[in-house]
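Across the two complexes that follow, chain A remains constant while its partner is chain B and subsequently chain C.
Entry: the complex of A and B
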């Protein structure tokens, strides 16, 4: 699971509707798998992301170099592109947990796949 | 990733060796989409609507099963493919298929799509593809499940949603309604 996918996930436990996104990440095992950097595609992809959620997550993982709001100049900065590509597209979380900041419900990440399946008691 | 000039035969022969369901679960309506049909569908879309339906796009596969649609999307140049399914067993097969094909664009998420909601700001996907459960079982949870999958796709997709549908499904009228809005 890369941060790219993590950006899609929130807590859907019944009654948990505030402060349920983004989920906190506890990383137990991660690895870098190289992927081709295509600056145009990367830029386009970022327009589909919840950047605020991603930024919050990056800060929590100790990546402090990313701006809270993206500017045109950022896209001309090669260093920025490489670092964004690395953290968004190449960093895979293999084992760990996603934790809801509101209700503290833990979602396991096993073999790189986050498991968001809720129990019946957690649904309507 | 293949060159832009990928043809249907190349796509089909890429999909052919992928592992199918080992023990398909009837209650989840797990049916293997044959590689030649998958290749046909994706190739058709690519030819008629242009390669930009997939190339460089963020794609979602709702109910990915063993990952055929996801891998076809990746083969056509998708920048990222998010493959969703509820079943641990088929996700394990999909994971194997993704690893063996070397398509790093594909990522797997285990969730119930009836429960999953997209993040607050943007509609995350450029394109959604699916071969959803048809709701053929007509149980309480299952009834109209294909319509619910499509609703979820429309809610989370800024572009086109491609659905492989059962001809007898009542959902055909739902799609016509969607196009108007």
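Entry: the complex of A and C
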């Protein structure tokens, strides 16, 4: 799981609709897998990313290089794009857990794949 | 042979043995790849660098076609063995284990499009006593509608068993506020016939019909050198394709040229690649499926 898709993800429990993202990440194993930097793709993300949520997640994972608020100039800065590319596209969470900040539901991450399937009892 | 969804739940059917077929059986790979290509064609994306959702992504075959078009994708599937195969094949998308009939939880408007190959019919059959197929279809379509950007499209290839299933699917889609059409390729061939539900997440309100349209009409082999028209959606541009021509100027999937291009791409990504030799892409002896 990359931090890019994690930023798009919410808690899957039905009825859990407030403060249900970003899910807290408890990392047991992560990996850096190199990928080609695509600046056009990164710039297009400005409308998709929840930057506040991403920043919170990055701090929790000890990535302190990013500003709390984005300025337009940041997207033209090559260093910023390189760092962003590294955390969003190259950092993979392989083993760990996702925890909902609202209902505390845990989703295990095994072999890089989060298990979001709910038990029958969790469906209204 | 009874249909898979009438035998057992999807998460049991797609076990490790079944998953292996999706890496080794060239016939399966061929068919799935072609349908994924067709779905992407019908998606008619006007921009590069999109974020797409692959519903029922399985072993990542369809996702690889998305990567080839240069888009980022997130795949979801109920079968962990199939997803594990995708991980083994080092697909470029992010994978999530979801039961689409439970609905799924991505933020509103994050996807520029969605495709699904051969997955939707699984929702039509109740795998457990607690399952109500229409409710599950509705939960799926509602999640899909929310997670698509306004104006974004979803192209869902599926195999309905009968008219009732088809109606249930289109009703659920319409109830979730989707508009669109059902494209039927090769409607006169029982074997080749393929159905694609093409939906748009548009403005809510008003009543919508899902109109059935014929897509491709004749088998590619029958047509020879004639140009073949592809079914046109109301506002999209025409795609005219010559038969025997490569896919949009790209080499045929699994050909030697395709393999070499894939190796180039993986080398650029810094992956270890076996050197090309006279054996690259050679037709293997042994059983041919």
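By our rule, the second predicted complex is superposed on the first by the 121 of 124 C-alpha atoms of A that agree within 3 Å, B and C clash if a C-alpha of one lies under 4 Å from a C-alpha of the other, contacts with A are read in each partner's own complex, and residues count from 1 in each chain.
Simple rule for what comes next: a residue touches a chain if its C-beta (ideal position, glycine included) is under 8 Å from a C-beta of that chain, and two chains touch if they have at least 3 such contacts.
No experiment lies behind these values; they were computed from the predicted model shown.
> Could you say whether A:25 touches chain B, chain C, both of them, or neither, answering first, second, both or neither?
Touch partners of A:25: none, neither chain B nor chain C.
> Look at A:52 in the shared chain and tell me whether it touches chain B only, chain C only, both, or neither; answer first, second, both or neither.
A:52 sits against chain B, while chain C stays out of touch.
> For A:84, select first, second, both or neither according to whether it touches chain B, chain C, the two together, or no partner.
After superposing on A, A:84 lies clear of both chain B and chain C.
> With the two structures laid over each other on chain A, which partner does A:2 touch: chain B (first), chain C (second), both, or neither?
A:2 contacts both chain B and chain C.
> Look at A:120 in the shared chain and tell me whether it touches chain B only, chain C only, both, or neither; answer first, second, both or neither.
second
> Based on the superposed arrangement, let me know which partner A:93 touches: chain B (first), chain C (second), both, or neither?
Once the two structures are laid over each other on A, A:93 reaches no partner at all.
> Both chain B and chain C touch chain A; at which residues?
1-2, 4-5, 8-10, 12, 21, 35-36, 38, 40-41, 44, 48, 50, 111-118, 123
> For chain A, which residues are in contact with chain B within the complex?
Checking each residue of chain A against chain B gives 1-2, 4-5, 7-10, 12, 21-22, 33, 35-36, 38, 40-42, 44-45, 47-53, 89, 111-118, 123.
> Which bits of chain B are touching chain A when the two form their complex?
1, 56, 58, 79-80, 82, 86, 88, 91-92, 95, 104-105, 107-112, 115-126, 158
> Spell out the residues on chain A that touch chain C in their complex, using ranges where they run on.
The touching residues are 1-2, 4-5, 8-12, 14, 20-21, 34-36, 38, 40-41, 44, 48, 50, 111-118, 120, 123.
> If you look only at chain C, which of its residues touch chain A in the complex?
Checking each residue of chain C against chain A gives 48-49, 51, 72, 74, 78, 80, 83-84, 87, 92, 94-99, 102-107, 110, 128, 130, 268-270.
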